[in-house]
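So that you can tell them apart, the chains are marked A, B, C and D in the order they are listed, and the count of residues begins at 1 in each.
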Amino acid sequence: MNILMNLTLYSPELILILTLGFSFTIHLILKNRVITLSLVVFGLLAAALDILVLYAYPGQLYFSSQLSHDVFGLFFKLLFLISCLLTLIFSYDSHEIHPDRFGEFTLLLLAVTIGLSTLVAASHLLTLYLSLELVSITSYVLAGYRREHLLSNEAAFKYLLYGAFASGTLLYGLSLLYGTTGNLSFYSIHASLNSAYIDPFNLYAILFMIFVGFAFKMSAVPFHMWAPDVYQGSPTPVAAFFTVAPKIAGFAIFIRFFYLIFSNETVVPGQWEPLPYLNWASVLALLSAATMTLGNLSALFQKNAKRMLAYSSIAHAGYMMMGLVVLNQTGLSAILFYALVYVCMNLGAFFVVSVLSNHFQSEEISLFKGLGWHSPFLALCMTFFLFSLTGLPPLGGFIGKVYLFWALVSKELYWLLWVGILNTVISLYYYAYIVKEMFLERPSSKMSLQVPYVQQAILGMLAFALIVFGLYWEPFYIWIQSSLTFTIFQ
Amino acid sequence: MLYEHLLSFMIFTPVVGMLIVALLPSSQKNWVRWSSLLFTFLPLCLSGILFLNFDQALADMQFVEKTSWIPTFNIHYAVGVDGLSITLILLTTLLSFLCVIASWGIEAGLKGYFSMFLLLEAGMLGIFCAFDFFLFYIFWELMLLPMYFLIGIWGGPRKEYAAIKFFLYTLFGSVLMLVVMLAFYFYSDPHTFDLIELSKAGILKFNALDIFGISLSAEQFAKLLFIFLFIGFAIKVPIFPFHTWLPLAHVEAPTPISVILAGILLKMGAYGLLRISYPILPHETYWFSDALAVLGLVNIIYGALCAMAQITLPEAKGGNDLKKLIAYSSISHMGYVLLGMSVFTVEGIHGAVFQMFNHGTTTAMLFLLVGVIYDRVHHRKIDGFGGLGNVVPIYTAFVSLAFFASLGLPGLSSFISEILVFLGSFKVYPSLTIVATLGIILNAAFFLWALQKIFLGPLNPTYKSLKDISARELLTLAPLAILVIVLGVYPMPALDLMKSSLDHLLTLFQAL
Amino acid sequence: MLEKVLWLWLTPLATAIILLFLGKRLPRRGDWLAVMGLGLSLTLSLSFLLELFQTHTFEWREQMAWLSLSGLSISFGWLIDPITILMLCVVTTVSFLVHLYSTEYLKGDPNYARYFAYLSFFTFSMLGLVLVDNLLWLYIFWELVGLASYLLIGFWFEKKSASDAAKKAFLTTRIGDMGFFIGIMLIFYKTGGLLTYDDIFKFVAQGQFTGEFLGIPILTLAGILLFLGAMGKSAQFPLHVWLPDAMEGPTPVSALIHAATMVAAGVYMVTRLYVLFTPEAQLFIAYIGAFTAFFAATMALTHTDIKKVLAYSTISQLGYMMMGLGVGAYVAGFLHLVTHAAFKACLFLCSGSVIHATHTQDMREMGGLKSKMPITFWTMLIATLSISGIPFFSGFVSKDLLLAGCLSFVMEHPEHLLLALFAFITAGMTAFYMFRLLCMTFLMPAKNLKVIDHAHESPWAMTLPLCLLSGLSFAIFFTGSLDGAGLLQVFGSWHDWFNEVILNPAPLDEAHGNAHGPAMALSLILATGGILLSYLFYLKKPELPQRLAQNTQAIYQTLIHLYWIDELYQKIIIQPLLKLNTFLADRDNRWIDQKLVDGWKPLTTQTSKGSGHFDNIVIDETLVDGSAVVVSTSAIQLRKIQTGKVQQYVLMAIGAFCILLIAVYFL
Amino acid sequence: MAVGLSHFLMVSGLLFVLGIISMISRRNMIGVLLGIELIMNAAGLNFIAFSRYIAQDLSGHIFTLFILIIAASEAVVALAIVLRIYQNRATISVEAVGEMKC
C-alpha cells in the first residue's frame, strides 16, 4: 500500500491537524475569534465532507495495519465531528471560555477530536493506547481550562488522577495481553487466542484490566466516579462534549476491540459469540444494570443542572451497555442508533444549560424556573431534549430505547429489560422536574434571555432531528446497520 | 381522496391546527380561540362522515389505510375503524369540540393551551384508529405529554404534584406495554406489530424461559405478558390499586381537561384491553377473567364508597370536594365496564363498550357542570352551597340530569349499559353481580346526597344572586344531555355500530 | 287501538315536557294544559273500561323491537287486559282529580308549572308501568315513578326535611328495587333471556323453571326477590320508613302517589306476576303483608300528625293487600287496591283541604272544624267509613273479601293462625285510629282558636274531587250487588286463565264461601268496636287517652318513636357505612396513595422543598414511611459513595475490580 | 540463577502495586504523580520483557518508547494542573480537592 493511499484514508484527521495548526496560528496573530471560529468550522466541515468521500473506499487496513478503514469508524468520526462543531459554536460566547484564549480552546478541542477519530479506527494496541492518551491528556487540560476557577482545577486533577489510573491499568492489561499472545495487532491477537488455550481466569484478568480503561471512557459503573465531578467542574460546553464524544468513543473502541479480539462471528450473519471459555456478557449485564440504576438514582435529587445531566449521562451509558450484552447485530446497531440520538439530545440539553449559565453565571436547576414563559423557544427545545432523554415517543430517545429493549427481548434477557424499564420510569422524574420548573412555575422576575440566532438554530435543528429520529428513523437505521462492518484481516 | 384517507385527515387536522395556533400572534386571543374551534370542528365533521359511511354489518376494520412506515422493523402506519372504536372516536371528536367551547374563558397562556389541546385530540384519535401496535404506542405516549402540561400549567393549586403523578403512573404503565409490544413482535412469526395479524391463531408462539432464575413455561410467560399489558391498561382505566392518580389529576386539571380525562382517557385502558389483550391473548384473558370480575366489583364498590366519603369527610381530610366525588364515581362506573368485559357474553361486552360511551357523555357533563359553578364561586366545597335549586333552575336541571344519568336512572343512557352489564355478568358470576348491585344503591346515595347538599335545603344567602347557565355553557351541555336522553330511550343507534365487531370478538372466546 | 293507547299514555308526557320548558310563559302557567291532558287520558281509559264492561274480555298487545343484539332481544310492548284497564282508570281518575285539586292547593307557588310538569310526568310513568308487557320495562317505569316521587316529595326542597325525605324515599325504595332487579336477572338467566310476562309464564307453566340456590328453589327465590321491589315501593316492613317521611311533599302528591297509585304499584306487580310466586313465596308475602298491616296500624294509633296517620294507614292497608295476595285472595287484594285508591285519595285530599285551611298538620291544634268545613267533613266521613269497613261502603266489599280469604286460608292451614290474628286486629285498629283522626280534627271542641278562626271551606276545585272520590267510596260502584260479584265478573276471563297457568290452583272459592260469613261478622264487630272506642276516648272522655298513655308509658313511647326503627337503621346501617367510607377514603389518601402506590411522593416532596412547601421533617417522615423508601433512600445513600475524594474513587474502582475478578473466578 | 521472564513480571507487578498504593495513599500530589509514573513504567517493563521472551521482536520495545513519551507528556500536564492548584489554594495536598461530591 502506498503512502498516498495511507494518507488519503487518514485525510480527515490530517485536515483536522492542519486546521488545528492553522487556526491556532491565525488566532495568535489576529486575536479575532470570529475568524478563528470560521476557520475551524470550515476545517471541520471539510473533514466531514472528506469522510463522506471516504465512504467510497473499500474497507482496508492502513499505516501498516495500525489503523483500519471501515464504515464503522467513519460513522463515529462523523459523530465526533458534529459534536466538536456544535461544541465550538456554543463555546464561542460561553462566559467560561475566555475570549483571548479561544485559540487554545479550539486547539485542545480539535486535538481531542483527532484523538477520538483515531481511536475508533485503531486496530493495533499501540495506536489504541496512543490515541487514547491523546484524548485523555488533552481532556485533562480542557477540564481544567478555567485556570483560576477552583472547581475547574479540581475537575482537572480528579480527571487526571482517575484517568491515569485507568489508562495505567489498561496499559498493564495491554502488556499482559501482548505477553499472552505475542502480538499487538487485533487480528493477530484474535488468531492466537483462537489457536491456543489460555487459562480463562488469566484472560478474565486481562480483559477486566483493559475494560477499566474503556469503562473509564464510557463512565460505566464502577469506573464512573470521576464523571460527575469532572463534568460539573469543566466549562459547560466542554462538559457537553465530554459526556458525548469520549463516551461514545469508549463504546466504539469497546465494540471494535472486543469483537475483533474476544469473539467469533458465527454462521448466522450479524451474530457473534464470545470465545468459548469467556462469558463476559453476564458480567456486562450486571454492570449495565448497576450503571443505569446508579446514574439515575444519583441524578434524582441533584440541584445543579450540570451535575444532574452528568449523572444522567452515566445512566445513558448503562442503557447503551444493554446493547453490548446482546452479542449480535441487533444489539450493536441499537447502540449505534442510541449513540446517534444521544449525541443530539445530550448535547442539546447541555447547550441549553450553557446558554442559561452564560446568562446567570450559574447552573442551578432553579434557574429554569419559568423559562417557558420568558424564553419559550429555549424551553421548548429543552423539553424535547429532556423527554427524549427520558425516552418518550415520538422522539428519538424512545426509538433508541426501543431498539435496545428489543435487543434484550430478542435475547430473552428479561431481567435486564425490567431494570431498564424501572430506570426509565425513575429517570422521568428528574427530567420532568426541569420541565416542571420551566413551564409549571412562573418566572420570578421579568427578564429576557438573548440567545444568538445561530445557537437557536442549532438547538432547533437538534430538536428537529430528535423528532425525525422519532418518526422516520428508517434511513438512519439502515445506515447504521450497514455501518456495522469491520474490516476483517485476511 | 377524502374517503380513502378519512381517518388520516381526522387524526392530523388537529395537528395542523396546532401548528397554526402556535404560529398565530399571542395577542390575537380570539383568533386563537376560533381557529381551535375550527380545527376541532373539522374532525367532528369528518367523524360525522365516518359515522354516516360506516358499514355496521362488517366486523372487520374499515376505512383502512396501511402503508409501510419502518420496513426494517415491519412497522406500518395502519389506521382503521371498527365497531369497537367508532363510538369512542365519535365521543372524542364531540367532547374535544365541546371542550374548546368550554375553554373559551381561559386567558393565561392561551396559545399554548390550545396547541396542547389540539395535540391531545390528535393523540386520542390516533389511539382509537391505530391498529399497528407501534403506532398505537406512539399515540398513547403522544397524548401523555400534552396532558402533563395541560394539568401542570393550567391546573389547580396542587397541579404540579397531580401532573407528575399522572405522568409517572402512566409512563410506568406504558413501559410495561412496551415490553409486551416488543415481546409480541419477537415471538410472532413473521415478526409483526399488526394487531390484526397478531390476533390470528398460530402467529404468536411463546417459549419457555427463565426470568430471575424462575423458569416459566410458555403459557406462564404468556400470562406474565398479559399481566404486564393489563397493568399498563389498568392504570389508565384505572383499576383499583392503580387508581390513586385519578382523583388528584381530575381535581387539579382545568375543567375541559377533566372532561377529556374522564370522558376519553379512562376509556383508553378498557379499549386497549379489548383491542389488544382480548384478541391477541384470548386464553390468558379467559384465565384472568375471574380476577377481572373481582376487580370490577372492587372498583364499583370502592369507588362509590370513596365518593360518598367526599360528603362525609371534612375538607381538611381531603374530602368535601365535588370534583373529587365525581372522580371517584368515575372509578365506580368504570367498574361496570370491567365487570362487563370479564364475562364473555353478548350482553356483558356490549354493555361494557356502551358503558364506556355513556360514561363519557355523563361524566363529561358532570365535569362541565362543576366547571360552571366553579367559574362563578371559585370553590367546589359540597358543603359550601345549599338551596341553589331555585336560584339557578336550569343549572339544577342539568346537574340533576347528569346525576341521575350517572346513578343509572332508567330512561337515561347509563342505565342501558349498566343493565346489559349486569344481565351479562349474572350469567357467569351470579353472587358477584348481586354484590355489585350494591354499587347502584351506593351511587344513588352519594349522588342524591350531593344533590341535596348543593341544591336543596335552605338557600345559602351568599349565592342569592348567582347567575344561571350562560348560552355558551348551554351549548356545551345540551348536546350531551340530548345524547344521554336519546340513547337512554333508544340505544340501538349506538349498539348497532358495535354489534358486528363485538360479536366477532366474542367468537374468540366461545371455544374456551 | 295503538293510537288510542299512545294518546292515553303520551299525553301526560307531552304536557310534562311543555310545562317544563314553557310553563312559565303560558297563561295560568299552563295548569289547564295538564288538567286537560289528564282529562284526555281519563276519557280514553274510561272508554276502555266501558268496552270491558260490554265485552267482559279484553286483551290487546303490541310489541316493537327495542334492543336487539345477537342472541338477545328485548322488545317494548303493551299489554292491555282487564287488570291493566282497571289500573289505568284508577291512575287517570285519581291523577285527574289531583291535578284539578292542585290548581287551588298550590295556587301562587313559585314553581307552580314545574309542579304540574312533575305530576304529569308521574302519571306518564305510572301509566307506562301499568301498560308494559315485560319485566325490564316494568322495572324502568318502576324507577321512573320513583324519580317522580323523589321530585314531588322534594318539591318544597328549601325545607331540609322535605329534601331529606325525598332522598330517603328514593334510596329506601332503591334497596327494594335491587331485589327486584336481581330477581329480573335471575329470571332472565334461568329462562335464557325471556323478559315478557307471557313468555315467562309459559316457561313457568311448562315446569322448566327449576333449580335451587342455597337450598331455596330458584322460582321461590325469584318470587321473593321480585317481591322485595314491591316491599320497597309499597312500603312494606322493613322498608316502610320512607313513606311517613314522604308526607313532606304537597298533600295532593301524597294522595296521588303515596296513597292511591305508586305505592300500590307493588301490589299491582305481585298481582300481575302472580304466576311466578310459588306457595312458599306467597307465604312470605302473606306474612310480610300481615305483619306490616298490623305493625303500621299500631303506629297510627298514637300519631298526631294528620298526614302521618294517614301514611301509616296507607302502609297498613297496603299490607292488607299484600296479605290478601299472599293467601291467594288475589282478586280481593287487587280489588282492595282499587277501592283503597279512591277512599285513601279522598282522605288525603280531605286532610289537604284541612291543612290548606288551618296551615297546620298537627291534629292537637285542630278540632271543631265540622261547621267550618262541612263538605270536607262529610266526604271524609264517608271515606273513613269506607276504610273502616262499614257495610255499603267500598272498603267493606274489598276488606271483607280479603278477610274471608285470610280466614279460609288459616282454616286450611291452622299453623298460620298468626295471619288471621294480625288481619282482624288490624281491622279493629283501623276503625279506631281513623275515627280518632276524624274526632280530633272535626268533632272535638276547638283547641286553638287562632287556627279555627281563619279556617274556611275550600274552593270548588278542591271540594269537587273530594265529592267525586267520596262518591266512589260507596260500594255500589264496585259490586252492583252487595256481595261484590259485579266486579268479579270483570275478572272472569282473566281469572280462568290464571287458574290454568298456576300449577296448583288454590281452590279458594269454596273455602272462601265458607269463611265469608264468619269473617264478615268478625270484621264488623271489630270495626264497630274500634269506632266506639274512639268515640269513648275522644268525644266522651277526652282525658282517657292521656291517662292510658301515662299508664303504659313504655308502649306509648315505643309507638311515638315508631319502634325506633329509623334510629336503628341509622345505627346499624348508615353510621357503619359512613365510617367505612371515611376509613376507605382516608386509606385511599394515606395508605395507598402516600405509602403503597405513591412511590413518587417522597420524590415530589423532595423537590417541593425547593419551592419551600415541605420542610425536612415531612420529607424525612414520608421518606421513612413510604415504599418509595427503596427509591429515594437508596438514591440518597448511593450518592454518598461519591465522596469527592478522588483517591477514594480509585480505591473503590480497585475494590470493584477485585470483586469482579473474584466473582468471575468462582463462577 | 538466570533472570527469566517471571522475574521481570514480578518486578513489574510489584511496581504496579506500589504505584497504585502510592497513588491512593499519598497526600501530596507529587507523590501521587510518582505513583502514576510507577504504574506506567511497570507496564513498560512488561512490554520489554514480553518482547524479549515471548514475541521475540521489537514491537514491545517500541511500545515502551511510546509509553515513556506519553508518561512525560502526562507528567507535564499533571504538573501544570498541580501548579495551578497550588496557585489557587496554596497547597498541594490531595485533601484540598474534594469540593464536588454527592
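Basically, a contact is a pair of C-beta atoms (placed from the backbone, for glycine too) under 8 Å apart; a residue touches a chain by one contact, two chains touch by 3 or more.
Model, not experiment: these values are computed from the prediction.
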Discussion item. Quick check: more C-beta contact pairs at A-D or at C-D?
Written reply: A-D
Worksheet, complete the sentence: Most central chain, judged by mean Cα position vs. mean of all protein Cα atoms, is B
Response to the item:
For the pair subunit A and subunit D, the C-alpha centroid-to-centroid distance in angstrom is 27
Practice prompt. Round to the nearest whole Å and give the separation of the Cα centres of subunit C and subunit D.
Written response: 96
Response to the item:
subunit A and subunit B have mean C-alpha positions lying a whole-number Å distance apart equal to 43
Worksheet item: Whole-Å distance, subunit A centre to subunit C centre, using C-alpha means?
Response: 77
Item to complete: Indicate the residues of subunit C shared as contacts by at least two other chains.
Response: 600, 639, 642, 644, 646-647, 650
Worksheet entry | Where subunit D touches two or more other chains at once, by residue number | 20, 23, 32, 97-102
Worksheet entry | subunit A residues counted as touching two or more neighbouring chains | 157-158, 161, 165, 169, 228-229, 298, 429, 433, 436
Discussion item. How do the chains pair up in terms of touching? List each pair.
Written reply: A-B, A-C, A-D, B-C, C-D
Response to the item:
Given the complex, residues on subunit D that touch subunit A span 9, 12, 16, 19-20, 23, 29, 32, 36, 39-40, 42-44, 46-47, 49-51, 54-56, 59-60, 62-63, 66-67, 70, 73-74, 77-78, 80-82, 84-85, 88-89, 97-102
Worksheet item: Which residues of subunit A touch subunit C in their complex?
Response: 157-158, 161-162, 165-166, 169, 201, 204-205, 208-209, 212, 221-223, 225-226, 228-229, 279, 283, 294, 297-298, 300-301, 303, 365-366, 426, 429, 433, 436, 441
Discussion item. For a test of understanding, state which residues of subunit A touch subunit D in their complex under the given definition.
Written reply: 125-126, 129-130, 133, 137, 140-141, 144, 147-148, 150-151, 153-158, 160-161, 164-165, 168-169, 171-172, 174-176, 178-179, 182-184, 228-229, 232-233, 298, 307
Discussion item. For a test of understanding, state which residues of subunit B touch subunit A in their complex under the given definition.
Written reply: 69-73, 109, 112, 137-138, 141-142, 144-145, 148-149, 152-153, 159-160, 163-164, 167-168, 171-172, 175-176, 178-179, 182-183, 185-186, 207, 209, 211-212
Worksheet, complete the sentence: The subunit C residues in contact with subunit A across the complex are 600, 603, 606-607, 610-611, 631-632, 634-636, 638-639, 641-642, 644, 646-647, 649-650, 652-653, 655-657, 660-661, 663-665, 667
